[in-house]
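First up is the structure itself, then whatever we jot down about it.
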Amino acid sequence: MSSKLIAIVAGVGPGTGASVARKFAQTYPVVLLARKPENYEGLAQEINQSGGKALGISTDVADSKSVKNAVQKIKEEFGNDVGAAAAIFNASGGFLRTPFLELPEDVFTTSLKVSANGGFNFAQAALPLLLKGVEQKSKYPPSLIFTGATASVKSNAQMASFATGKWALRALSQSLAREFGPKGVHVSHAIIDGVIDIPRTKEWLKDLGPEAKLSADAIANDYWWLHTQPVTNFTWEIDLRPAIEKW
Amino acid sequence: MSSKLIAIVAGVGPGTGASVARKFAQTYPVVLLARKPENYEGLAQEINQSGGKALGISTDVADSKSVKNAVQKIKEEFGNDVGAAAAIFNASGGFLRTPFLELPEDVFTTSLKVSANGGFNFAQAALPLLLKGVEQKSKYPPSLIFTGATASVKSNAQMASFATGKWALRALSQSLAREFGPKGVHVSHAIIDGVIDIPRTKEWLKDLGPEAKLSADAIANDYWWLHTQPVTNFTWEIDLRPAIEKW
Amino acid sequence: MSSKLIAIVAGVGPGTGASVARKFAQTYPVVLLARKPENYEGLAQEINQSGGKALGISTDVADSKSVKNAVQKIKEEFGNDVGAAAAIFNASGGFLRTPFLELPEDVFTTSLKVSANGGFNFAQAALPLLLKGVEQKSKYPPSLIFTGATASVKSNAQMASFATGKWALRALSQSLAREFGPKGVHVSHAIIDGVIDIPRTKEWLKDLGPEAKLSADAIANDYWWLHTQPVTNFTWEIDLRPAIEKW
Amino acid sequence: MSSKLIAIVAGVGPGTGASVARKFAQTYPVVLLARKPENYEGLAQEINQSGGKALGISTDVADSKSVKNAVQKIKEEFGNDVGAAAAIFNASGGFLRTPFLELPEDVFTTSLKVSANGGFNFAQAALPLLLKGVEQKSKYPPSLIFTGATASVKSNAQMASFATGKWALRALSQSLAREFGPKGVHVSHAIIDGVIDIPRTKEWLKDLGPEAKLSADAIANDYWWLHTQPVTNFTWEIDLRPAIEKW
């Protein structure tokens, strides 16, 4: 791999984040951000052993200092002039589906912080690297992709602690798409409308068959497709759902 | 005035908040919440002197303790069993229209806190009183109204510090409308799409004539209309703009 | 009644159309358009006998000649200079909820014609009268209101024959709002999201209680409210649903 | 080429239609539908001479008989059991950007007929072939893709003759996505938000540089990407615009 450009994935876990990291690691050195080392260590090892390059950094996206520290470590590893070809924000805070009057303030606040402040911190850290990717004439337009959910466009009863942050993140991505598209950075937002097939959801929707859940690897392919769109044909938003999903 | 039900207006200033307070004060005792006493003192005096009843309380909606303290003062004044006929959230944090990479973190955070956390804190404080209003068979369904803006549905370049909070607030209002409508509380969201005619905007859009700006008193009438809708005909969302506004 | 301005209601039947006609007849002479005389005769009689003025005209809104003929009759009755204070489009074609491949072409075509071509024909006929209302300085900005449905914003499986026309009508109303707002005509669109309580739906949703259906009279009040908004505060769109409706 | 499945493209001209046809012709025999033979003859010849297979059929999508006749010719050529892997609706009627009261009825009607009735006719003709594609276990889920425009989601002043049909078509595509997704057919809608770079638009936006217009070939790539999504990850809608486009 000779690219001097890197890909950064925030919110690496056993699902979409890992699949996206593996996919982009086929072309770029990847930086894996997650709060807990156990969320990226195995994956980094796997990528490094199979011919790719991965660097994991413990990072709390909701904390701007932690994100700035991650950028510092990226520069130590890849040089001060490092540019990014892709930055993917895949983090989500915990939330509770509960009657609103029983929703603890800290659950609401924490969830909002990960999605909204986390999105802000990550974008402020990644965009200078993505703009360097533009300067360095990356093969594909540098991409900033945000992972959304059904709750990014529909705010159901008892879902306020999740939807507020997701709507805020969608607003952020739309504003950035309008500001940074003309500067050559491709900002996208993906509405993941369904259950993703990961170990944690193994028993979910079983009676609906193997096609009832989204494939995380296929989401990664979709993100890669977004990444390869030329500057004349940028997609801001896609929705993704299993064919059998009701919507 | 014999109503035992009150109306609460958060975010009282010289514009919409004051007009809404005056309108609802014709029927209900009103509680005026603003951070600074100078934003409610004159208005409270005006209402109290003209036959209404108003109570101003210094409150920072972004701070849940401050909001809980306001509820405590409301109960001291109106009794522990006080119910609310209406609660209007009209607060907005400051924001900057600026290139995203020059946006200070604290501007983003503060603006988001007022809109999103403020909306949360206000709703958690007001809904128990509004549900008491339902129990006490208020003449009109108790109403929780959120003030939005153009930026509630469109997130323009360089407007991330305003739009993220406004989208989050809209998500909150939609979730609450779905949860509390069936309990008899009418939750609404108003998209104010244009400049409001207040002292601060006196010189704005002057060349477009006197009809280029929204009337704050007319917004208050619209909120009153929402408040008087029967339980069979709830409107969640209205947009409001001057006839000559481009959109 | 001394107003020289009239109100026109297209799509008069036993529900919303009749309620709207009665409401506006308290202020304006009303013209009632429906394909079949039995849909307006009783109502016209009722209004004429209770101190109002109503003129019924058999009209097929899907047929531009029929609509032009109605305008001719209006001018014969009210004079060539007659202006309109309000024009309400409440017509809907029949449709079938059926698997798409079993949907007869003529059902699709007829439904689309009533909503889309009907909306077009009605707007082209009414707008010159509404602009005369502006010239004649009507008390309230002349209003052109379109009745929409859940299917105006959501197109469910098997509902193509209804939704296509309703989306087209919403598009028409939005385009007209943008063009004629600056000319002083208030164009609105109402999303009626639920079952309206009319004789035909008497047995529907009975187990949910008396508040499960929209009140047609309350819809008429909402339309009247839209009509009375000042030129500084136009609402393009409202949604309306029973408090207990799931959405 | 050994596929027994075909691709059908309606609305073949010098732009998107031709690019899509060339792209899908690399894998499938393609059927080219256009009203005028000059719109498909050269393209069919080009594809047939370069190792692909193309069949052009003069078809007016607004006329259901003409569309049925095309299906008849397809079966004569490819057999009664022919299945389709893809069907792309790319037709648009002429329209006028003009003050609404000067818009001739026949312009409105014709434009609506091509988009709305045309979409209906094409979908009723293509879906049985696409369902055969499902039965015949096509490599990729059979795809029905509709081409939309900015005017599919925004209805500007003076644009009613274009937007009504485009909104109707979007409604059709959404209803079909919900009905036929569970049957294995992937229905999509693409919002083309900008000027496409074709001979007719050669002189447009020249001062903005070569990246100001959408590439038709890149649109074709995007449609191919939609086509290859697995059944667990269907996208209903994408938007596409040049990076520098204001939106």
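A, B, C and D are the chain letters, set down in written order, and residue numbers restart from 1 in every chain.
By our rule, a contact is a pair of C-beta atoms (placed from the backbone, for glycine too) under 8 Å apart; a residue touches a chain by one contact, two chains touch by 3 or more.
No experiment lies behind these values; they were computed from the predicted model shown.
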- Task: Averaging each chain's C-alpha atoms to get its centre, pick out the one most distant from chain D.
- Result: B
- Task: Please compute the C-alpha centroid of chain C, do the same for chain D, then give the distance between them in whole Å.
- Result: 34
- Distance between chain centroids, defined by C-alpha means - chain B, chain C (Å): 32
- Rounded to the nearest whole Å, what is the centre-to-centre distance of chain B and chain D, using the mean of the C-alpha atoms as each centre? 46
- Task: Provide the list of chain A residues touching at least two other chains, using ranges where the numbers run on.
- Result: 178
- Pairs of chains, among all present, that meet the touch criterion: A-B, A-D, B-C, C-D
- In the complex of these two chains, what residues of chain A are touching chain B? 64, 99-101, 103, 105, 108-109, 112, 116-117, 120-121, 123-124, 127-128, 151, 154-160, 163-172, 174-176, 178-180
- Note on the structure: The answer for chain B against chain C in the complex is residues 141, 178, 181-182, 184, 186, 197, 211, 213-215, 218-219, 221-222, 225, 229-247
